[in-house]
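Every chain is named by a letter (A, B, C, D, E, F and G) in the order it is written, and numbering of its residues begins at 1.
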Amino acid sequence: MNLVQHTTKRRIHTVSQLTAVIKSVLEDALPFVWVTGEISNLKMPTSGHYYFTLKDNQAQIRSVMFKGHARNLKFVPEDGMNVVCLGRVAVYEPQGTYQVLVEHMEPAGVGALALAFEQLKARLAQEGLFNAEHKKEIPFLPRIIAVITSPTGAVIHDILRVLGYRFPNVHVQVWPVRVQGADSPDQIVSAFSQISAQNQADVIILARGGGSLEDMASFNSEAVGRAIFASEIPVISAVGHETDYTIADYVADRRAPTPSAAAEIAVPEYEGLELLLTEQVSRLKGALSLLIQKERDRFLNLKKRLPPPRRQVDDWRLRLDDYNGRVNHLLFRYLQGKRTEISTHLYKVNRLSPLHIIPNHKAILELRYGQIRSLIRQAVAANQAALKQARASLDALNPASILERGYSIARKIPGMEIVRKASNLSAGDEVEITLASGKVAAVIKSIEKGNKS
Amino acid sequence: MKKNATFESAAKDLEQIVSDMEKGDLPLETALAKFEEGMKLYEYCSKKLDEVEKKVTLILQDSQGNLKEAPFGTD
Amino acid sequence: MKKNATFESAAKDLEQIVSDMEKGDLPLETALAKFEEGMKLYEYCSKKLDEVEKKVTLILQDSQGNLKEAPFGTD
Amino acid sequence: MKKNATFESAAKDLEQIVSDMEKGDLPLETALAKFEEGMKLYEYCSKKLDEVEKKVTLILQDSQGNLKEAPFGTD
Amino acid sequence: MKKNATFESAAKDLEQIVSDMEKGDLPLETALAKFEEGMKLYEYCSKKLDEVEKKVTLILQDSQGNLKEAPFGTD
Amino acid sequence: MKKNATFESAAKDLEQIVSDMEKGDLPLETALAKFEEGMKLYEYCSKKLDEVEKKVTLILQDSQGNLKEAPFGTD
Amino acid sequence: MKKNATFESAAKDLEQIVSDMEKGDLPLETALAKFEEGMKLYEYCSKKLDEVEKKVTLILQDSQGNLKEAPFGTD
């Protein structure tokens, strides 16, 4: 559709409709525009947004840079400053005005190349090529390092020198490429694909020295950027000066500010590692040695504390000897006691023996002996006295005492009866005549009778 | 005098005879007999006493053989 | 005197005899017999005492070989 | 005295005898018998004590063979 | 004394015997038996102690043969 | 130690082991095992360090497009 | 002591024994047994330590064949 068709085929718009069309036409056609001009009428209200007019000799256009973008500005905009802005055109329908909503602003003077760089950068960024999640880790100890660079010049020299002193035992493959010029990007891309195909290298260093933006063209090329992104092997970029970033720098897994720095990133320091390992072993040995020593000490200590039951034995010996002594002592004391006890009994038995009562008995017995002897003698003497008395009486009464006076007694024989009467005799009778002294026998011669009967 | 009369009965008889004779009215024959009987009794008793004395002495002598002292007739 | 009489009963009998004789009205034969009995009792008791004394002495002599002290009759 | 009497029963018997004898009114024969019994009991007890002492000495000699000290009767 | 008694039980028994004997009212035979038992216990315990000491010495000698230090009884 | 471990992981393991052991409270057997493992790791790392020979090569492409590795003269 | 006990369990047992014995109120036989066991455990652990040290020396000799330095126990 063109303007002519619009006019021929008449169609009437309301203001709103027209404005809407304008808006859509403008905004669709100019989603992102680079515009250069001089800042004028710059205002920054408290909202933090920049409001200004971009103008050149013939025209001017109202512009806004919202706070969010303004924050990223590397410089402070001023009236009269020539700037290049990246933004989009926006139509404000209520007032029928249009303006540029600036998102990026830089001082003017940057060429088309820079523009192209920025455009590419923006595109690749949007695609996510720079995203952190795609960054691969650089291996700690690469065996083979592929260096894509110019085989001549200071860059490769610096890299090799640094690798040499940091970690001598490494295989460095130098992939010679042109680092500038029209065929440079192709060579670099080709090197990447060949390295990938070979699949030997552990890390890739893409390097070149510093230079102008034009010199960096191949490192800012989309092809190289995509080749870096595609590489399965981690890539370190080392381009130009420390402040210059290339597309390669953005895509690479690691960006080194200089080639020497890239070499430092690629390998660890051998001596340091060796030292570290030796130190670790030393500490390992030390720790074990300490542990063993500690255990030995612990056991010696335990052994020292382990008391042999000698003291117990000694204590027991003393106690047992005490018991033994007491048992002996007690037994002897006991026996002594028993002996004393029965000795006391013996003493008493002896003291009370019949020997002590015998003298009493003897004395009584002797007394009785005396008594009985004396009594029998008394009895005999009494009888003797009585008998003596009887004899005396008898003697005194003896009829024979008449004979002393001359009388005699005649007894007729044989009857021996005393003759009192002559009549009792007859002559011839024999008589015995008792005289005071002696007897005589006589025969009766005659009888003379008396008068007594 | 009864044979085997005890010393006591003999002594009693002797006493009786003495007492009888002391009354003094005995016929001579009786007196003589009594006297004779008295004499016999006396002798009997005398002999008995001698025997007793002798026996006592013997007993004491026997016991003296065994005993230290107690001689007869010292007290 | 009973055979195997104890010393005590023999001593008592002897005492009784003495007491009987002291009454003094014993017939001579009885007195003699009592005397005789008394003497026998006396001898019996004497012998008993001697025997006891001898036996004790023997026992003590026997035991003296075994005993250090306890002398006889020291108190 | 019973045969195989213990030391204690013998000692007790001996004590009883002493106590009996101390009452002092024993008939002679009883006194003698008690004395005799007492002496026997004493000797029995003495012998028992001697035996024990001898046995103790032997035990100590035996143990002295094994042991350094423990002298007999020093305390 | 029980066979295979532990040292402690034997020592306790010995102590009990000492305590029993100290009460002092034991019959003679019991006292002798206790003494005998006591001596046996004493010897048993003594032997046990000797054994323990010997064993300890052996153990320490053994370990001294293997080890540089740890002399016995120095600390 | 895992087979085909990287130098880095092996070094890290070694470091971990050293740190574990330096805490000093490992059982002896564990410590010995750790030590053994540590020594293996050390040897592995040591080997890894010296595994690669120093070599600088230049990759050349001939006319047929074949790659050739030539020593790179570092002047 | 259990056969094939680990060093740590042996060490723990030894520690327990020392702690038991330090309380000091063990019966004699128990004390002796514990002492014996303790000495065995000590020797067992000592031997284990020797073995570990020997093994360490061997490991280090092996690794010295491969490595330039790293003498054991110099630091």
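The criterion applied here is as follows: contacts are C-beta pairs under 8 Å (C-beta built on N, C-alpha and C of every residue); 3 or more make two chains touch, one makes a residue touch a chain.
Everything numeric here is computed off the predicted structure, so don't read it as measured data.
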Per-chain Cα centre nearest the global Cα centre, belonging to chain: E
From subunit F, the most remote chain by mean C-alpha position: B
Homomeric contact subunit E-subunit G: same or different residue positions, threshold half: different
Inter-centroid spacing, subunit F versus subunit B (mean Cα positions, whole Å): 171
Intercentroid distance (Cα basis), subunit F paired with subunit E, Å: 70
Geometric centre distance via CA averages, subunit F-subunit A, whole Å: 39
Touching two or more other chains - residue numbers and ranges from subunit A: 281, 285, 288, 292, 295, 303, 308-309, 313, 316, 324, 328, 331, 338, 346, 353-354, 361, 369, 376, 380, 383
Residue numbers of subunit C (touch at least two other chains): 7, 28, 32, 35, 39, 42, 46, 49, 52, 56, 60, 67
Contact pairs between chains, per stated definition: A-B, A-C, A-D, A-E, A-F, A-G, B-C, C-D, D-E, E-G, F-G
Complex interface listing, subunit D residues touching subunit E: 6-8, 48-49, 52, 55-56, 59-60, 63, 66-67
Residues of subunit E that touch subunit D when the two form their complex: 27-29, 31-32, 35-36, 39, 42-43, 46-47
Of subunit A, residues touching subunit C in the complex: 343, 346-347, 350-351, 353-356, 358, 361-362, 364-365, 368-369, 371-372, 375-376, 378-380, 382-383
Residues of subunit A defined as touching subunit B within the complex: 366, 369-370, 373-374, 376-377, 380, 383-384, 386-387, 390-391, 393-394, 397-400, 402, 409, 417-418
Contact set on subunit E toward subunit A in their complex: 7, 11, 14-15, 17-18, 21-22, 24, 26, 28, 31-32, 34-35, 38-39, 42, 45-46, 49, 52-53, 56, 59-60, 69-70, 72-73, 75
